[in-house]
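Each of the next two complexes has subunit A plus one more chain, namely subunit B in the first and subunit C in the second.
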Partner chain A sequence: MRTILMLVKKEFLQVFRNSLLWKILLIAPLAEFILFPFTADYEIKKLNIAFIDYDHSTTTREIQNEFVASGYFVSYGNINSQKEARSLMQRDVIDFIVEFPCDFERKIITNEYTQIAVTANAINSVKAGIGTNYVQTVLFDYISSLAESFGVESQLTNITITNIYWFNEQMNYKNLIVPGILVILVTLIGAYVTALNLVREKELGTIEQINVTPIKKWQFLLGKMIPFWILGMGEFIIGLGIMYLVFGITIQGSFWLLLFATSIYLFVMLGLGFFISSVSENQLQAMFVVFFLFIVFVLLSGLFTPIEGMPSWAQYVNYLNPMSFFMDIIKLVILKASNIHDIKIQLLVLTGMAIVINTAALLSYREKVK
Partner chain B sequence: MYSIVVENLIKKYNHFVAVDNISFKVKRGEIFGFLGANGAGKTTTIKMLCGLLQPTSGNATVAGYDLKKDYKSIKKNIGYMSQRFSLYEDLTLYENMQLFGTVYGIPRKILKERIYESLDSLQMTEKANSLVYSIPLGWKQKLAFATAMLHHPQIVFLDEPTSGVDPIVRREFWNMLYETANKGVTIFVTTHYMDEAEYCEKISMMSDGQLKLIGTPSELKSKMNVDSIAELFQKIVNR
Partner chain C sequence: MILRKEFIHIWRDRITLLLVLALPIVLVLFFGFTISTEIKNAKISVLDLSNDSKSKILLNKIAASNYFQIVSYPNSESEIDFDFKNKNIKLAIIIPSNFENKLEVEKKATIQVISDVSDINVASVLNSYFRVIINDFLNENYVTNSEAATFEVITQMLYNPEMKSVYMFVPGIIALIMIIVTALMTSITLAREKETGSMRMLLITPVKKVYIIIGKIIPYMLLSFICTLLIIIISVWVFNMPVEGNLAFLLFLCFVFMLTSASFGMIISALVRTQLDAMMVTMMGLFLPTVLLSGFLFPLDNMPQLFQVLAHFFPAKWFIIAIKDVMIKGSGFMEIWKYLLILFIMACILITISLIRIDKKE
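On to the complex of A and B.
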């Protein structure tokens, strides 16, 4: 016990004397928090839209105005042909083309069948998808209000689409991204800092002096883990503070449950960090491995793209991704007020992962070189 | 009474034989000089005896314990100073000694006394709270030796402890070794300085992984018909 406490003390002294590490630990979360949510915003504004109007009626002009008034579109104005439209789109000048056929207004009034063609530039599929939704909304809104003013019951007004977004009522993407960043933060401290720490001792040769002592492997590893566990929890709590103060996101569920889940997740990441560092020769190797895993974890975690949209093999791979389970927990507890029963499967999986990876770290760490 | 008994120790890396079937004995309280050119296998041998490296075959008894079966007991009874300075540069002198003393299970109060005692004898008490990083190399080496001796080991392994150190500090360092040996501690030391080899009670010479000679300095000189250990070294290495 005294040995472990002494090792913890040593690690803390080193962290606080390493001015660079200390600054990184302090500045990284702040910078990420302040930059990330604004850059990873899915809301799209200023979509460039052009119109091909064969009708030249009041209705089509009003619809065009509606697009601009919605605030999501910037009008490129009227263009004359499909050919011109195509070339504009190829040059990325416009994102959407809305085409009104001849007699559009007359057919609307007489309640005849008519069509509007909407063409989207789908190079960025997210942009195209979201933009198409906006286009539909603007058109539906206009046509139903038109129908009402004529006292006509249009077929469109029979169907009203109402979206109610649960747990994130304003569809505020920051609510999703900010907790996601908390996850990234904890992961970085857990895996990165610890992986580099142990390899550094290998590089400096100090590990040799430790290895000739009667110190036991588990003592040594615990002595390394406890300080970084404490630092990780500290960072997480600071992150929660920023989340509330800067973004006004409050934790809907239990704060203590959140801390409990984080502490388990941290053990998974610490174990991973040590496993990587005990099989790496130098800091560079360790860094590449952590970086690679980190990217895979983040992309599969469902932070940027929904897991349900991934191919099934990727979804299976995700069962091995601790970040995806933790991301779940964080979202559920922060946004949805889930309790321990709702997240027990995720907690159990993470606990299992913590046991496996730490055992692997313990077994792969060698006091004796072959 | 022997502190170290090595029997047919071999270390191979693929086809390269770093240590080629060596056997020797070191008496208790002896200063045993382990000489050889770079790459002769000295460090490899020391690492195997300290339990840092797995031998390919052969065995040894260190401090009365079997290297294969009981290397954990060996660790409690040996001190080790590696070729590369390996205390923590970003900890103070005191913190380093406290860390290693604690790891060896020295009770808190006794440890504190011992640390100040040894810092006193090194004349480094004033520097107790300075970072190791800030002291000169010669001091670092003396500190590393004192740290390796905190738990009163029976044997201490020193891998080129004086390389890069000035002649005055080297002299002081060897005085420390004499004092320590007089207390009955076995000293197993490698060096490239042939004048230092003359101070050893017994020396051995390694070349290409093999142990070529072993004996007291005067014995070996008369046997090989040379005037100094330096000449002897030339003869062995060039052979």
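On to the complex of A and C.
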């Protein structure tokens, strides 16, 4: 026990002696955490829309107002020709063009067939896809309310859909992205710093000195892990504080449950970091391996793109992704007030991963020393 | 000489080399295959309070669609809460009692849809899928829905008719890879020489400092050029991404951006002492801001003014605008010379500063 304590002390000394490292480890991530949620807004809104109106009627004007009123669109106003519209789109000034044919109003009132042409700038397929949905919703809603006011609709069978929104009543994207970024930061601290730490001792040759001391291998690893575990937990707790103070997100579930889950997750990430560092030869290599895994973890975690949209092979790969399980836990506990029974599967999986990866790290480190 | 030494270094570290080359491939394939707005088989729960023939028809319709997959039939609202937490459902649908009766006699029924809006985009996509299903259901069972018959929205997807996500991501991935390979790797290798003390040995040789630095950077620029070519080849070959503009011009654009990111690598390595520092500074100071502020994952228009201004200082923003124009819209030099100039000026300023700093240090 005393040996471990000594090692922990050594590690802390090293971190705090290097003034830059200390800042990088604590201040930079927290600063990023405060700033980035403001940028990571992938909610589709403020779509620039232009209209080509051959009808010039009250109806088309009202529809244009509806678009602005929906809150998703910013109107560029009327333009005269398809050609002008194309050139605006070419320069990325507008995202959508809505074209009303002549006699649009008359045809709608007399129930004749008519069309509205919508052109979307589809380079960003996500924006185009969701935006087109919005365009259609606005148009259908307006036309059906119009039809109703003319008494056409009243004879028809109709189904109304009432939407109820759970877990994020204010419809604020930050409620998802802030916990997500917290997960990314904890992962970065856990895996990166430890991965580079051990290789560094190897590169500098100080590891040889430790190997000849009577310190046991597991004591050494534990002595390396505990300081970074404490750092990670500290960072996580401060992060939660920022989440509440800056972004006003309260933890719906239990705070202690969240800490418990994080402590397990950190062990997975620390173990992964050590495993990588004991198999790699230099820091560059270790960094690249971690980076590679990190990118894959983040992409698959479902933070930026829905897991349901992924092909099934990717969903299977996801079963090996600790970040995805942890992201689940964070979302469930922070946003949905889940208790320990709701997340027991994820917790068990993470515990299993922690055991496997740490055993692997210890074994491979032993192997190396022999 | 320095060049050869660095090449030997890179070649000796096969694992890193392999990873560096594999990273762009994996990224493009991942982004290309995993990112789509089309959501398939979203899990939902259905609370059917009427359980009559019409509600069964509707449920069959929902189950038959590719979009939804009914995973449970709860009996009460409290069980819906349980499903959201344990079965990862995205929507819960509550069909009212006497559904058939309401439709046939009152001609009006209300279906409640509870959505998990922790991810707003997913929720809105699923809600519009559901609306389509309901409209179809009405059209098939009650041939009266005149609005659908008289009114049609015809959409055209310009520049990307098949709505492929690669169009959006390939430029961003090229930018990221170049930053990783040129900025990150150069800053780390320069820091390594400092850390292990071999920099001092190099400096007492008669080789000029500038040549040492240039010799260290060129191999990584070459490497990142290979990566860029790999990305372009894959995106054209696997995803049929167009290269509308001139290929040589496209590569020239990439080269200018490479120069800019290499100059970032230089300045970072001039500031730090250890590899860990170099890596953390590049990750936190350059890589993450690039991901977030370049406009390739998150639309810049949505950000607060401050961040939109901040984004001007990261080269990736300009590069991504330019490369998108060249690849997809076929723009030439006249349309994008502004962006090229910005990138070039950035590189010049940074290289000058870091050279001055290095001179001072010794």
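Of note:
Convention: the second predicted complex is superposed on the first by the 304 of 370 C-alpha atoms of A that agree within 3 Å, B and C clash if a C-alpha of one lies under 4 Å from a C-alpha of the other, contacts with A are read in each partner's own complex, and residues count from 1 in each chain.
By definition in this document, a contact is a pair of C-beta atoms (placed from the backbone, for glycine too) under 8 Å apart; a residue touches a chain by one contact, two chains touch by 3 or more.
This one's a predicted model, so the numbers in the text were calculated from it and none came from an experiment.
In the superposition on chain A, A:300 makes contact with subunit C only, while subunit B stays out of contact range.
Contacts of A:284 after superposition: subunit C is touched, whereas subunit B is not reached. Which of subunit B and subunit C touches more residues of subunit A is settled by the count: it is C. By the touch criterion defined above, A:192 lies against subunit C but remains apart from subunit B after alignment on the C-alpha atoms of chain A.
Look at A:84: by the touch rule set out above, it reaches neither subunit B nor subunit C. When both complexes are overlaid on chain A, the residue A:141 reaches neither subunit B nor subunit C.
Overlaid on A, the two complexes show subunit B and subunit C touching the same residues of subunit A, namely 18, 204. Contact residues on subunit A toward subunit C in their complex (touch as defined above): 18, 20-21, 24-25, 28-29, 32, 35-36, 38-46, 86, 89-90, 92, 107-108, 111-130, 132-137, 139-140, 143-144, 147, 152-153, 155-169, 171, 173, 175-176, 188, 192-193, 196-197, 200, 203-204, 280-285, 287-289, 291-292, 295-296, 299-300, 304-306, 308-311, 314, 328, 331-332, 335-336, 338, 342.
Residues of subunit C that touch subunit A in their complex: 13, 15-16, 19-20, 22-23, 26-27, 30-31, 33-43, 84-86, 88, 90, 103-104, 107-125, 127-128, 130-131, 134, 137-138, 142, 144-147, 149-161, 163-165, 167-168, 180, 184-185, 188-189, 192, 195-196, 272-277, 279-281, 283-285, 288, 292-293, 297-299, 301-304, 306-307, 321, 324, 328-329. In the complex of the two chains, the subunit A residues touching subunit B come out as 2-3, 6-7, 10, 13-14, 17-18, 204-206, 208-215, 367-370.
Within the complex formed with subunit A, the residues of subunit B that make contact are 47, 50-54, 71-72, 75-76, 78, 80, 82, 84-91, 95, 98-100, 102-105, 108, 131.
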